[in-house]
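Here is the structure we will look at.
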Amino acid sequence: MVRTLLVLLRSSRIVLLSRGGNILGADVFVPHNKNVFYSRSEFIFDPVRWARVQMDEDFLRISKMFDATRSVVRVPKLDPKFKIAVIASKQEHCLIDLLHSWQDGRLPVDITRVISNHDRGPDTHVVRFLERNGIPYHYLRTTKENKREEEILDLVQNTDFLVLARYMQILSGKFLQSYGKDIINIHHGLLPSFKGGYPSKQAFDAGVKLIGATSHFVTEELDAGPIIEQMVERVSHRDNIQSFVQKSESLEKQCLAKAIKSYCELRVLPYEENKTVVF
Amino acid sequence: MVRTLLVLLRSSRIVLLSRGGNILGADVFVPHNKNVFYSRSEFIFDPVRWARVQMDEDFLRISKMFDATRSVVRVPKLDPKFKIAVIASKQEHCLIDLLHSWQDGRLPVDITRVISNHDRGPDTHVVRFLERNGIPYHYLRTTKENKREEEILDLVQNTDFLVLARYMQILSGKFLQSYGKDIINIHHGLLPSFKGGYPSKQAFDAGVKLIGATSHFVTEELDAGPIIEQMVERVSHRDNIQSFVQKSESLEKQCLAKAIKSYCELRVLPYEENKTVVF
Amino acid sequence: MVRTLLVLLRSSRIVLLSRGGNILGADVFVPHNKNVFYSRSEFIFDPVRWARVQMDEDFLRISKMFDATRSVVRVPKLDPKFKIAVIASKQEHCLIDLLHSWQDGRLPVDITRVISNHDRGPDTHVVRFLERNGIPYHYLRTTKENKREEEILDLVQNTDFLVLARYMQILSGKFLQSYGKDIINIHHGLLPSFKGGYPSKQAFDAGVKLIGATSHFVTEELDAGPIIEQMVERVSHRDNIQSFVQKSESLEKQCLAKAIKSYCELRVLPYEENKTVVF
Amino acid sequence: MVRTLLVLLRSSRIVLLSRGGNILGADVFVPHNKNVFYSRSEFIFDPVRWARVQMDEDFLRISKMFDATRSVVRVPKLDPKFKIAVIASKQEHCLIDLLHSWQDGRLPVDITRVISNHDRGPDTHVVRFLERNGIPYHYLRTTKENKREEEILDLVQNTDFLVLARYMQILSGKFLQSYGKDIINIHHGLLPSFKGGYPSKQAFDAGVKLIGATSHFVTEELDAGPIIEQMVERVSHRDNIQSFVQKSESLEKQCLAKAIKSYCELRVLPYEENKTVVF
């Protein structure tokens, strides 16, 4: 490995230094007994000596040369932010937290629109916030018969990925296939336990001493997609169902924000059928 | 509450100060809408002015006077330690940790005997340790047909509670009833998820980012008794099934030791049908 | 203690049940060898049967009867929220977090005004937010010669306590005495280490593996007042001074919010000369 | 980086696969604006196809080829364990924990001897344990005038590194230079705060809400060497100086064991004058 890493550094000299760049760090993960590897690297470069377009060309050429199945390069300050749409229901804590984080510049995305299957008056905090910031808000009433998926699909065409901020509907396989990009969901239970509805209630009834939240990719199977991040907090006999919910909501916000941030920093890679690599 | 607390202090003056004692702290928990309360208090006293026997009399009288369903008083340095028996199988990490903690004086119990359904040679570390410290070791081979429960029952008659340190057998309801006292078990999964066998494998296959351990009271239903303590640790894509097991074992040891310590300090009270109060 | 606690419960019956109330929980702390005690209790009651005024009378009478040095009763939904003023400088992350928490109803206070010694244009996020929500914003330019303390004092007269959200000025003993109420400060270092300026830089240069934040009461001595809450987060060689600052700011927000919440729930009591009891 | 990583993989094919090996993972850290890099990699290989001696030759050649300042290769199951000597004083908790971890196979080192400046009788747990396991125990009484450093030096000649398990003497610069290898110390305070004696007392008097432990390399300046690992635990007003000490000791054991384990896995590299890279 020493050699390969020196080669790595030397290559980085050849590739990056020649372009006025330098590696800041690299993560490499090679699953045991699998002829595949995952990696993520950070480097700095001189934009004058390495044009963004040239950079893409360089990496494309290289990745082709080595049959890389996937190769993504992002320059945080040059490239446009990831475009997302947030889909929510009645519960607002995750949605509001995302909006505030976005406003404070802590969430590195552009929120193109917010879609909700819960009706909010024009005078509600959320709707006023969105109006003030020029973010379209769409109320799409869903019923057993009509999930409004075609309309949602139209609305999210130009997004890079979707965020379900406590959306209380299951998206169909048809929708997932049509959309074809990643969808991140937040669940206030330590998956795989407490799937489905009222996980706080389930946890409370089970008398647990730790509650958690899980952010994961959406798949056809409910709450069974690859896990990105999980967080926990202690509970005791003094906690009631209300404080379980409160603590869960606080965890959900942190856990969802962390997952989105990691995703935007290209730290999250799909791994095997139902796992993730998170560098 | 101010009054009640001043009354509390005044009563403590009446009861305790008169005996040369003083309260150090009190925890009171009153479940909402239930005409019951749980409490734990610590106090210091002058053994010369308050004989141990007298103390029991005082508290017995008081608890009767107020129809307390249960009242336990312990004086750590005067009263005999809780007598326990440890029951294990092949996995030794919890057993060894208990023995070391006991030897270092960190586990406030007397280990009366160790029972195992896994055969260990006389030259193994565990057996030599037990021999050296005069703790009887019993190998009871179990089969589908014969769980040896009668023999176990005979061996643990004089214990205050039992500890299952990774015992891979399910104790029958008949055994639980006959023994009639508390039994603490350790499970290397965040119950109620990953019940039963190979929880580490279950967690690994589920691609979780947090693994845990749970110490709980044993009931007839497998891994479903009231939870006493739960602990977690982060795992990542770099962890394999071996490191999952290693981290789980480390959690199991801490979680079991914490539960036993809390139990011996009278911090653990049964609450509702399947919960605990842990002061 | 059993008796005193039963007395406590019986008294609670006499006092509270007679008023349609019931205890939910009680914490009592009696420092060793000190003839004093601290306590906090939560109870529910029927406002129809126990008028708020009557409640105060009852507790006042009782506290007098027992020479309680201090006795505070609050009914979250009946009593007015604590009035605070937030004082800040150029750094906005804590101020903005407080405003958002207040807007989301997570911060149980009324923010009467925001005072800053850093000039913000009328079009800045903070100033627009305050204007929109009718919260006065005061820019008071401070100099070595003039700390503007008299003006600040006038502005905060009607507050219950003050919050220093990264205020980069040391308040004089004269100010503290004149104000006479509690002032909560946030410091992004694990006090008592890294006092004063640039704690993140200090921590970075020290090569620590954990950074923290501390919320504490303000006293005349810089960063030496009683500590209310401390939080930490891991850092590694991959962290640079910028990420140290980022993580510190995230900790500061959580740590300050937690301290304010605990304070408003009457969980924080001064203890000895430089400590706190936090129930 | 894609190229460099494919190059890495290709090189790994050239170097490792040709030897029947494969990379499992790699960490690379390149400090900003410094023409240096740090890396650690894990790989598996076929010992039949790649002799241990050959492996060293290969890596030596490579490291020379690339002017690597330092290159270490270890094969956990083939190479001899690191030889250490443990130096202690009266406090035994860290020493005993190290001995138990070593006995349980959790500490990947050979303890060649234990040196103490505190006199223990032959019937003490520690001395009997050492005798039983054939580990020499040396009592070297130290005085202001005579630190017995020459004798210690003689005793530790054949060690790979030293562990100070609560050794209450400051080793001279002369000793450090003569020994010339790494020395790991444990301190029960969150350095750089609470240096020197009685850190628990210092923390208690400061009214902190978090206490910690720090494992670090020993340098001439007391408690100021590069930090390897830090851990914390919550304390409250209910904790007294005794429980501060207890919690600190528990942290010390975990923190020291973690540092030794990381060190033996070649995860710890010196970085700049007073920092560490811990992969």
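Letters A, B, C and D mark the chains as written, and numbering starts fresh at 1 in each.
Following the convention adopted for this analysis, a residue touches a chain if its C-beta (ideal position, glycine included) is under 8 Å from a C-beta of that chain, and two chains touch if they have at least 3 such contacts.
Each chain and its UniProt protein: A, B, C, D = Formyl transferase N-terminal domain-containing protein.
No experiment lies behind these values; they were computed from the predicted model shown.
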item	value
Selected pair, greater C-beta contact count between B-D and B-C	B-C
Relative to chain C, chain with the most remote C-alpha centre	D
Inter-centroid spacing, chain D versus chain B (mean Cα positions, whole Å)	34
Interface hub residues of chain A, defined as touching at least two other chains	25, 29, 32, 238
Contacting residues of chain B [partner chain C, same complex]	1-12, 15-16, 22-30, 32, 37, 39, 41-44, 58-59, 62-63, 65-66, 68, 71, 73
Residues of chain C touching chain A in the complex	25, 93, 96, 100, 103-104, 125, 238
Residues of chain A defined as touching chain B within the complex	29, 32, 38, 190-194, 206-210, 212, 226-232, 236-238, 240, 271-272, 274-278
